[in-house]
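Input: a single structure, listed below in structure tokens.
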């Protein structure tokens, strides 16, 4: 694995936020990474975008003698610690082993995360008070609304360890990008090149979509195997940038 | 099991209708009941609340020689009988063994239920004409829209017997409460204390949410382990009630 | 199997488009066909209707040495060929083996399909850029939004062969009808009689719904086992047609 | 449904015990019954046959305040009552909603059932002490070994009510037949004709298998569409019965 | 894809039959193929090996008006045609969409396949009369015993088309190799090199296993990163071949 | 949680090895622990018992750029390190997120574990060369045989951290006990009392089983609610110990 030599800047995140998860998964597939889409995590509402480095919380199965309601009185309880320690701009990613029968967080914690400047929530478990969370400006993706407290099935264990979420490996610092389709996990060392090539791909697809909407056929245009397609794209791009 | 010595009054149901299912599942978890949330039952539309005693309908798998289209000509067919016999204010809860491949009811029966004053529908199977049901004032929770008639997979058998629904035991008379997260089943003998303590919990959480929205941290506040939290809450509550 | 002796006309499709999938599945159940509803395919948005003959695309599992990103450069790649060859008015039905972990199409192809006059998309896999597809006038039903490219899991193989989709046999030319509940596959040779009897059933159910909304009970009315129900329906129908 | 006018005699059960479940499911399919095979119930050991009328036990989900370890002190607890009330020769069929995470019975109860002359156990849940049960002469079919007590997930409720088991409707008195493939549920009113025609089918298939083992092709033989096949079968049968 | 320039000889198949599926999946993984193991297909009995080219049969979902019991009277019915047309030495691979609720074949057809010299059966569906098939010399892998006739869920459609089986792409002529772990599908063009390198890997692993059984540690030995391991292996191999 | 003040001695483990998992899960249920049975882990062969403290290995999902075949050349690779570091007498427990599509270990590593004196293997994933592992004296429980290398789906990450396995929380040092039904995880601080009371329970159940085999009914005997049962048991026990 190449060590990323470029920092994760606000500009990079802003660029990634504009690129769709379908484009990003294609860029990663071109680099040999086929399993980067958090399976089963759906947005609580449509029309939102998110990009930020992963800050992870790992749950293991609960055990009745360890996970009573009083555990939250511990100021160091990992779920509560996660909410207070996650840096502004980061994304809270939770490993719930895909279990949607209980919640992994609710609207009070989500509100606190928003106040602290967190970029979003991603979980392969449930969220409670899901309608309340959906009313926040901070976006959230989950496997579904689920009212029961996490203590019934989950024991919060680790902060910022590598986890699995929705069948995908998530390492702390990986860049999580979310849109209406769901969430993609971009390994940190690939974020810059994926952002660069993803923006290029989206520009070309804007061109394609405009052509198709105007009646063009797919063959030779998408992908641009016809010799003239590239030239027409460059002309279109020049014209657009001149506006 | 303590025999409930307090009746299920309209006032109790009105109180429960204001309490979220996340609060109610926490109250029940505090009393040792961890499996009370109907798994997989989602509201057909958002923004609705429901509370009422369960009236149950049990389906077993259909058998081709018993479940032809003509069975509905029987005026005592249990599905149709359920619709006419369920008391006003009750909730129709159906055990479909979690099978969403067919419907458990449609918009005509749902309309009849609304006319009869029924509080809502809960099923771990499908609903057909789901958009039509969603237009009613009476709310419904199900495992998903599904067009095929129930006869293809289900044989309506029992009225008002204990059932399983979404993995939860539902006894006739248990109090079903629903919101955007889903539906909780409150054993009848616990309804009063859960309503009382749930209202108290929600009041405290309103305080917490306001504090958090204004920038307060979670630790010491939620749960209120810091000595001053309780005092500040009581002051906040006094001020609010004085308004 | 009776050979259909009546052509699939625009009038027939217009008639089917007005009939709900719940009515159509009941009509097919009366004819002995119980497995005609595409399980798990949900509309990307509500309020749409679709009717058209099936044009099928079969995917088998992908293999890394056959399904790299360059396969789309082949002008005869079956997915792209499907998009250009499907006739106007037809419905593109894709067999994804129920695998929602990747997409089966995205918004560029969907836009092309709309431009070409295609009636809709039905897949038991995912769709990428699902929000973009939902903004089109052409409706689509799928197992959920999913960003990754189809190449990761799917190899496009056959055009217009019989397939399975959502557990249902779909033969090219079968009539696919979709609404908010989902999609039903009507064998072509039954389309005319199902349209005729389905329209009749819906007319009667309009009557029933009106009666029920006005306070009538179900027994004797639905189904119309009370002797007077039929007469009252005919009177109602006459009055309505006279308006 | 025709009322069975012939009693379920030991001779009938002995005849059914010799017929394979694959033959019996085919006979029932010929009569329009496609869903009669208990899905997921596997024999604890191979080489056993069973036939007997169903005596059912229904479990619903457990609830912590009702299903503590002390419930078995109640002499009328339905699980224990089932074991003492089931008639000799009957089959105990349990509805566990397909949940194999806990047991539905163990070796002490199974031993008691054997002593009482019960024909066998069928459950779509687990069995504990499964190796001990497998050592009994009485056969058992289940979804898998599972050590935890049934109280953790199951509340025993009903004796001898219609149930679902492995996705199949089982009415008390239906004839359960088991072999190495699994268990079929024969509606009581069809038991005689299915036994008669199943024996005939098996005799023919013995002939076919002998022919095939000796090199005959399938076409024309199985099914016997070649004119000479029937004649050759009758000759074979005559010869065999003459031995 | 490279065109295989070496024929699939009996010698190649004999070599592959000696190599375990775990070795073969590793060899294919080294060549970039990660999805080659037929998920969910288990051997009917232990201790068997199989290698042969795939001859495929594709099922789609059944439809009641097309798949009655009489379809087998058609001498060209694809399931029966498959049994008579598959070449000696080939493996019958069936695409059942992973549906184990019914059978995909039974003991009569399996016996016919054995008589015809077929190398084995692989299905991601069920097999009926599974104990009878297990008694044959010809091995079979399936998702489980299942008594009901295939007609209930399956419509036999295609012979020798590319299919999916257990989530894996199987092209006619691919080499299927089976052992106690299950079945691997080797693309035909890789069969020779995989056989060569797999034999080499197994020889080395025999050496490793002997060393480990005699007390050697794993590190440096497996994989052979310690400089002396390779030399010791070559000496061991020389000694063994000298015996 | 009470700190265990008694060491885990060979005598304790020997005692636990004699107690069935069904008895142990009941003892833990009496103490409020309902979720201690590793769901889905089956023994590779019957007739084995195991008891030992858990040594854990955690896998997260693999990522193509991190989990190539060369990772095993690293002498500190966690899977290989686990095999060399686990103490004699311990049980290797692996968290595979329930994914059986690939192996979590094979026969070479299993042989090394046996040589090192390890008590057994428990995984909620697959095992490759499963027949070879089954021939070892050291027992193993898994979700099924599976040939593909773990690298395809798993990235070995942590040694001896708390994990989930088969839906159960496993903390390093918890006592894993296995038999033909499966594996139970006993929290270390409860091992002594569970061993003591479990042995007592098994002794009583031996008595009950003998009574039942001799014709006694269940009611009053199991549980021993009849006044005389306890006395008869004590007499039986005295007589047996006098032998």
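Just so it is clear, A, B, C, D, E and F label the chains in written order, and each chain counts residues from 1 on its own.
Following the convention adopted for this analysis, contacts are C-beta pairs under 8 Å (C-beta built on N, C-alpha and C of every residue); 3 or more make two chains touch, one makes a residue touch a chain.
It should be emphasised that the depicted structure is a prediction, and the values quoted were computed from it without experimental measurement.
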Common touching chains of chain D and chain C: B, E
Option reproducing the contacts of D-E, where over half of them reappear, out of C-E, B-D or B-C: B-C
Fraction-based call for chain E against chain C, same above half, different below: same
Approximate Å spacing (C-alpha centroids) for the pair chain A, chain F: 37
For chain B paired with chain E, centre-to-centre distance based on mean C-alpha positions, whole Å: 50
Chain A and chain B, separation of their C-alpha mean positions in angstrom: 32
Residue list for chain F, restricted to those that touch at least two other chains: 34, 167
Chain pairs in mutual contact under the definition given at the outset: A-B, A-C, A-F, B-C, B-D, C-E, D-E, D-F, E-F
Residues of chain A touching chain B in the complex: 69, 72-73, 75, 80, 83-84, 101-103, 106-109, 111-112, 115, 128-131, 144-149, 151-152
Contacting residues of chain A [partner chain C, same complex]: 20-22, 24-26, 29-30, 34, 36-37, 39, 42, 46-47, 167, 179-182, 184, 205, 208-209, 212-213, 215, 217-220, 222-223, 225
Chain E - residues contacting chain C, complex: 1, 31-35, 60-66, 97, 155, 157-158, 161-164, 167-169, 187
